[in-house]
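Paired with chain B in one complex and with chain C in the other, chain A is shared by the two complexes that follow.
Let's turn to the complex of A and B:
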């Protein structure tokens, strides 16, 4: 039996990986100024979000979340439960780490919504753009998340900035998908009605399609938050401070208890964020959250 | 009523698919729709349709689903673009309109009412009705004033700020109608507007449309699959089949001289249903009693429903008779069991009994008629008042 029938022949192997490495390294050298600018602005914005969160006294934040939980679910005990969860995080000495984690999550969710919402609308309206972007989204979603970390580090070194970039790339996908899905699945007759009464494309979009798609779009925001929440923990590997970092450090020292506490905190925050945003989605009169309530 | 032409359609053809030229050739050689689809993959939605709509008339287009009637109505306001042929609105070729002219045309001249209402669930009744005015930037005060007038005209005053989800089907379509009228268009396009409504509400709406038409003298192009509706409303009726128009005429001429066997069958089907049967007018029985119930329960039941007779059915809903409140009270006071006082002598009819036959029955009946199915199960009741109201 010939050798090349058993093993893949060496001569046919090539490696585009190294080419990509070289290209990215080169890119980071030649575009140092732009990258530096991005890095500074990302750090500034995350820092200011963090400062904003830190200004709020811990008890006030707990109260706000309790109140929101009560209003959204309609049950007092749900609000109380959220309060207890947050209190647990504080009493575990992880309050500041939680705020750090939240800052990155919030920043990346804002970025995801700002970029993903218009992109989703573009995909819904333009078939060609949809054909190009959709496979890229599939790729972004199936690619193991660690793969994003490396280029982010090469471009921005370690810290908040690559963490934000990696988190956003990972979390923006559902925002784009669900926005586009929501706009596409507005009842045909309703869209026809908008056009038949003489709406311009923009009027039909703003006055009819987006408001009608809002529950789906909000589901996209909810998904984006959850994805960002899970990615931000992984980002501890590239130097993002916060709860993830606590877990990473404890894991390296094989301290089970120390790793478990921030783990539980992450679960709590995820539950609270999920339920609060879900509440907006499920609310049947979602429109009244955004418009004046009908007079009765 | 002036007799000038508002819309003229000339040789409109609409094809869906890629291989259009081959399909056109096949159609010209006399192939039918199905053959063309099998050979070329092209769907022929409309083929060489021509007609004129006069000002102030109701032009009804009737056909089964897939006959092209929804396609053609969407050509009038350019939701669809015909593959070939021309549509003239007051002498202007609507395909030559510029973008702005198309918007103005849709805003001022032609409005549409949809089968499933096409209402915007995130807006309340008033904001739906004023949508057309809002997109052409009529100031809020003025458009709400106009919106209220329209809402009053369709009989929904007081519901201006209700969400759409709180309305019944008939009310929703009234909103649809008010929205279309708010722009004061010359032409109303109505795409099976009453098909999604139940028969009683449909008749109300047909009446409403005729009375509004009497007041405003709009030109209406009305799509339906119900020949009764077409004959009742249409000044002119066009029958479509497989994308072609088979006959255009007044209802009288059409029933006197149907163009072919297909039209004749269509009209025959009308004659059978033109007279309503019991199932169309019956209402669910308000008060049901089981023979094993104790009398005081029957009395309570009647009291709660504010009626003086209850219908007695067994476990399988089979009809046994009625019990009056007097008898039920007697049963309670004398400790008699309910079944002994049931009056089985009630006029009954079945679901398909025609209204004509019910009239005589209802006239002599003391209680509302019980409508039974073949297994004697109670399906509904018909009071004297409902029979008379249906005429």
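Let's turn to the complex of A and C:
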């Protein structure tokens, strides 16, 4: 009697672990073609992004970033600072690693935006979808990465494909959340006015709500980029090369100094990407015809 | 409403205290807690469970705990003295081992597994085929590491199909550095990519994934481990071990001794346990068998540890002083009666 009060009864415990293992292994055998197709298309797209980045000479990329930094912030020294940061990455001998890391980040950000933006709109418009998807988003952010990484490796083998999956699962969430949030919080009077002037739901969405919500949506893109950057080391665990792999090799050998350099590089890239996209949001605000309302 | 909830909690809490209070008997012998590393691989978990059974039941006044973490972090914890023991220590893979030993930060206690192996492995069906699964041999003449050069197209790299792919060891292990030199030495770098995966979990997942599909795979693996116990793998041959050539990757890995390493405080903390840990010795075959048993029956590591000790009664005499061995036997028998 006392046993049952203090410890969870043994008889009520169950184990479905092996059944799931067998199911996944069986699935990978029976769906070989489609899994292979997904794998090949992911690899091709990431590799073409990497090739595109590699075509740009290093000095041109630094110049572009300096120019953008200057334009976005309006200060010459900010542009110069970004240039110095990129130059530092190059002089640490990590330029190619940076490009490899960036290709996975860019690919997963593109995928997150493509999937997250329409999904966010759906969530804003449909309360029932919102109720279903929201707990799934919580799951995606909190489920420890390894729980789905190992099955991803069984299904897609190691390398870019599971890396892209892991990064997207983690980074898509702010895109969906902030898109839906932005659209939900557009001033109701503005939407009512649009409806009163005879616009359809679609017209009101495309011409009023989305432009109004754009600053929030762009903040979502910005957050997505930051979260994708934070997955770089996790991706190295499944064999994605780049800065994360450098960190992993160094930390596994307790070479703290050697791990610091790629670590700093990741911070620099994150800062540059963050400020540039944020600057884009701020500029948009000035250019938008509608004045931005305080978010409620 | 709020008051009623509060009352409910107070009553529940009171009940739990009473029930809990009854179960706690008042024998307050000061127990010493022994902490060992748990770096996340199966054979070590099993070795830890065996040690736990013995430390807690053949001796009085000890409790056995594990510290779960990465091997690198746990190694630092031993140096700091926060963790007492590293049972099944792959010291050849720890870059700073010799220095730490010379500095007196760690102490060699004993040799746990005298005959481990590591190197490049392929599933047996790659060489011999598997008629049951309908797999033709992919590389019938593959014997040595050098032979791999002839079979680039058998092991294609998904991300660069014109080149082959060989899976390296875990980044940061000595084995990985040596393996990379071997890869260059045999000229595999001309036609193969050397792919490092960040952890054993993913390395073994990639092997399991390929094995499941009956696809070719070549890469680093080691014994004893559950995966060599469970899958039928073949280690590629290499030149015989030579201590002068070994670090340059020009010959096979030696049979590595897996040690029991302790912090420098352990001998003072638990002097009577020291004798057990000096004698505690298993072997590659025994552990692979046990891990296969674990996998087949779905038993826990703890149940498997009991199983090993019961099946191999003579181990108790080899490991323990007579009186402790008797105590342990009595305990193992008492489990049976439950």
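Please note the rule applied: the second predicted complex is superposed on the first by the 271 of 296 C-alpha atoms of A that agree within 3 Å, B and C clash if a C-alpha of one lies under 4 Å from a C-alpha of the other, contacts with A are read in each partner's own complex, and residues count from 1 in each chain.
By our rule, contacts are C-beta pairs under 8 Å (C-beta built on N, C-alpha and C of every residue); 3 or more make two chains touch, one makes a residue touch a chain.
As the structure is a prediction and not an experimental result, all values here were calculated from the model.
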item: First, second, both or neither for A:168, with chain B first and chain C second; value: neither
item: Touching partner for A:207 - first (chain B), second (chain C), both, neither; value: first
item: Contacts of A:190 with chain B and chain C, given as first, second, both or neither; value: first
item: First (chain B), second (chain C), both or neither touched by A:179; value: neither
item: Touching partner for A:236 - first (chain B), second (chain C), both, neither; value: second
item: Touched partner set for A:277, first chain B, second chain C, both or neither; value: neither
item: Which partner, chain B or chain C, touches more chain A residues; value: C
item: Chain B versus chain C as contact partner of A:198, first or second or both or neither; value: first
item: Chain C-touching residues of chain A, taken from the complex the two chains share; value: 2, 5-6, 15, 18, 25, 28-29, 32, 39-40, 43, 47, 146, 149-150, 153-155, 157-160, 236-239, 245, 248-254
item: Residue numbers on chain C that touch chain A, as the complex places them; value: 19-20, 22-23, 70, 72, 75-76, 95-96, 158-159, 170-173, 195-199, 201-202, 205-206, 208-210, 212-213, 298
item: Complex contacts: residues of chain A adjacent to chain B; value: 187, 189-190, 192-200, 203, 207-208, 211-212, 214, 284-285, 287, 291, 294-296
item: Contact footprint of chain A on chain B as seen in their complex; value: 74, 77, 79, 103-108, 111-112, 114-122, 124, 131-132, 134-136, 161-163, 165, 179, 183, 189
